């Protein structure tokens, strides 16, 4: 029956798309548990017969990993790096603080823009241009400026940079949430003697708190995943997870596939988790609220 | 003569729910038939099956004698007008009309001829270059109808095309639509929940209820001789008056008693003993300002002035009754005398909702 | 001790002096007066004296040292740091940055002057840029004060420690580029006969690039799973091989007036030979970095490999199928005027340098003196998982190090170290070399002819030199040239 | 400071007279009042100041650096750098590597956006209907956009390794060993980078298009079906035009983001081999942080900024209109 066949073919196409979407992630996780001699074997090992946690040990417990390697022949005597704990700690601190500031500043600004039409119709757009410029174009002067202000390679400097570059997202996303909330309720509250800010905080904010939470998670993801600023604005005092991934890579000595994959798998897990929590709002975020779902 | 459209025992099940059940209906060429019923009665499903968007669970759709049940919508020679008109908003009116013709691969000259003819008939000349999105409701309706008709379909299906319009526009468009249909001698299946639309335009009306056709007939029939209490209730404005009545059978005869009348007899086989309902249309209630021997007294509670006529809401015993009179006939608080002819009484069986008429009616 | 490493020519220090004094008009010779004060500081226990001095300098102050090091070098740095802390009470903190990024990070500190580190371990070739940026402390004054006269005599390669005649940091890593061969294949009598029948000379560790190329071609039988070589062809590595091939033809990369000579006939021939040799490499050569490279050579199905001490650490481990079946050699040379010219090449290395914004540069210097002392550097080099390869003569006698590398290898390594030509230690090294890399990779990929690639590169070099300041570059170039190993210096044009 | 404002606002201190007022701004702290800063302006101040420090001031610094030859290796602070008029721009004009990087980036944007959009449309068409594991399918398909880009790039590095699974699959397909070195071939090295970008961001495009398709006026499609048009014609003449606004936004936003492409290039090739994969961001990174030619790269940055911003602002009408 051709109709049945058509449906079958369409479902097959969906399955193929799912496989393609999942495959690189599968490979990342699969490699992360491969012992050293299977990382770059030919033919490649798809699923290891000898899965090991050694790569994860190298990431988190370099000393223990080394002791393990010494006992086990056939295990990699990798170059010793520091533990990745610091990277996770730093990334968590920076991402959380930057997210908080971005959301706080963004909410205030969005409130002002929506309720008072502050700055006229083009004002909000001005923030978007921040997102349009390639960060690499301003990275050189930021390095110069941050050096002057003693902000290079500090938490505060990173937080400042991340806050600024996520503000367009938070302002535009929160703006779209506030616009959807009914203004009449605020008006009613003000008739009952609340100030406008109070009315906003007590009436509108609870209505849009789900949206703001989604925005916060979204911005956290952006911060957590950021690489270029981390690469350029830090020099060892601050280490982010994306940098730590690069720490297992080098132009001269090749890549530690398994270790990198382990680091990649762990660093990407929270992002995927948060991503699914805010799945409904992800598109809105990535399109500055232009596409709602 | 082959019917333009024939539905043969059409049924549709969605899981446990039977949306349409064994529905049969035939439309003669040039006939205007309405499917009338409240929302959820299965009329839209029927339409979807006829148009080809829903495959029927059982039964067949036959157009011009050809079984079209498995044919995709585009090849059924059926024109379709949607409730929201579905005018292609990104295309010009001309392109809207062209759309179906291009699909039919007609020669260019023929397309042009048809479009111009249709534009003239529906007075679309000034709209041809406008984008679909820029039209108002009545313009859209005309474009939607023109778009369907220009393909010269065997059958035109209209799905509640007036429900988005305001009342005054509706009245005007009803006439317009009927006129076009007559001019073109176009067979139409018209789906609506509005009895006025159905009554005013249809050659025949099929009243639907819970997936079945309750009654098929001319507007006349349906109005004066409703087959069931449901039909009687659906048709008519203001709605039919319902009064309780009692049936007492003796031998082959059955006597009905109600506050409105005395001594009407029915065939005893038609109605069992006991409490039933009696329906009488407000237009059929005769009202007199003076007492008459065969009239009953009632008092006017309030008056609804419709301009051309008044509706009196009468207090009559323990029940309320509406009656239509010329304007200024009576005022609130006055007493009037009323009567209903036995042949205009519709006795509605409590058990199966069937309407039974008085003997000799 | 001097005898031990002094295989050829005068000692390194003598060479440096010669280079410096040979340049009349440039006052850059504090070397001569060096060590006057430090007479009483003996080399043997310099680590103790340096630590004691540091402790004294720190006094009751709360001093700590921050070291910025490339990722993966903790195994070399931390054991020494721990001993330092034990000896001085001065704690050491480690900042790890991606290996490829460390020079950039040190340089950016010149801009930010944030004092984020006291010591760093940049790659040696970046010292000219870093010195010019002002972020490095010119160590001459401290060396004069503390460095024992014979401190560097035992160090096999020190050119990279100096820029324009001044000391900027101590070398920690013997990163000379040398060759590994499949000994079984070399020793196979049938192969030997077949090869010498065809080429008229014996199949043995090759002396020249020409011989190496011939041998790789000879052994390249992909259908039998045998490959000629595991030389690098990724962009980052490819220029080094050409650098060796080019020097082996008897030329400096720059003329005395800084005109590039890289695009002369020798340069073009060297590049064409390199491209021709690409045919005899194993399939992964074009993508593989160091790690994948020695892993591949460890399979034992390839004839020749190029690499550093780290390569040997792997090849000599249980993971390598070729363990114990290896022959070693300098990077091949060439015949110049009928005589063999070898130009081994020191192309990486890490130097301890002191930050000019460190609050305690003197203590930081003392740490580098401590860490590079014979005893401490031996401990650092011992780490089997680190980067550091033997650099001092004394390292070659350490049983643990001998076990890691094999004595046979160490002989070759030492020979190569002593004769190594320096990398291109000029300001803008990154730019010069990247230009070279891009062009050579393009020529190897076939998108440019060898001549066009080198002409383009030479043109870029001229522009870079002009931008960097010709006078300044000229000073360093002449200093560098004067410090090429003596036996080679005289034969290069 | 921010909290103070909020509290004062909540206290409902009345004050009037803000710029661009629609609803009258109410509530102002004492300090702000004395400074003459209207309440609504005070609200945007934190955001605006942050942007000032991190974006506006640096942009001004770019203007200065672009006319200097500043390099950190000169041991000069950036404000002491030597003024060299417009020589940087002159050099850039003749810098084939810069021009190539620009052209290459535009090429990458074109290819990636084209492929992403086509795939997204095709996928979205598969997802208009309902079936029982549709939600699962959507969840899996949007997975890539949640992966940290650096990790995604690493995964693709492994996939396209000469001994990676891609070559393995090709080997199995063609039946003889295939160990092509994708990342070191000047002709092909761009492919894994673009595939990585496409893999990661097609899901976003897909979700946007699907959102648009779900909101499509269904009856227009049914009307077209009833008129007998072929699926292709319906898609081209009815669906696509209706999707245009959403597609416009998707293309605009993705183009902006793709133009900045850096992470996969850095991880996969760093612009190698022979500069064959050097996008504009990679070029500027190499120039600024490998060669330390800060002044020169500032000039390049200025050109790119002017280019990108003018194009973006010109094309941003859909974004403005839509919101």
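For clarity, chains are labelled A, B, C and D in written order, and residue numbers in each chain start from 1.
Just so we're on the same page, a residue touches a chain if its C-beta (ideal position, glycine included) is under 8 Å from a C-beta of that chain, and two chains touch if they have at least 3 such contacts.
Note that the coordinates shown come from a computational prediction; the quantities given were computed from them, not determined experimentally.
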Farthest CA centroid from chain C: chain B
Across the interfaces A-C and C-D, which one involves more C-beta pairs in contact? A-C
Where the CA atoms of chain B average out and where those of chain C average out, how many Å apart are those spots? 96
Chain A to chain B, mean C-alpha position gap in Å, rounds to 60
Whole-Å distance, chain C centre to chain D centre, using C-alpha means? 41
Listing for chain C: what residues touch at least two other chains? 101, 108, 111, 236, 288
Which residues of chain A are in contact with two or more other chains? 40, 144, 231, 246, 249, 251, 255
Sort out which chains touch which and give me every pair. A-C, A-D, B-D, C-D
Chain B residues within the chain D interface of the complex: 51-53, 72-75, 78-80, 82-91, 99-100, 102-104, 144, 147, 151
Of all residues in chain C, which touch chain A in the complex? 68, 70-75, 78, 94-101, 105-106, 108-109, 111-114, 116-117, 236-237, 288-293, 295, 310, 313, 317-319, 348, 383-387
Complex contacts: residues of chain C adjacent to chain D: 101, 104, 107-108, 110-111, 129-130, 132-134, 233-236, 283-288, 427-428, 430-431, 434, 438-439, 441-442, 445, 447, 467
Show me the residue ranges of chain D that touch chain B in the complex, using the header's touch definition. 217, 219-220, 222-230, 233, 237-238, 241-242, 244
In the complex of these two chains, what residues of chain D are touching chain C? 69, 72-75, 77-78, 161-163, 179, 181-186, 272-276, 286, 289-293
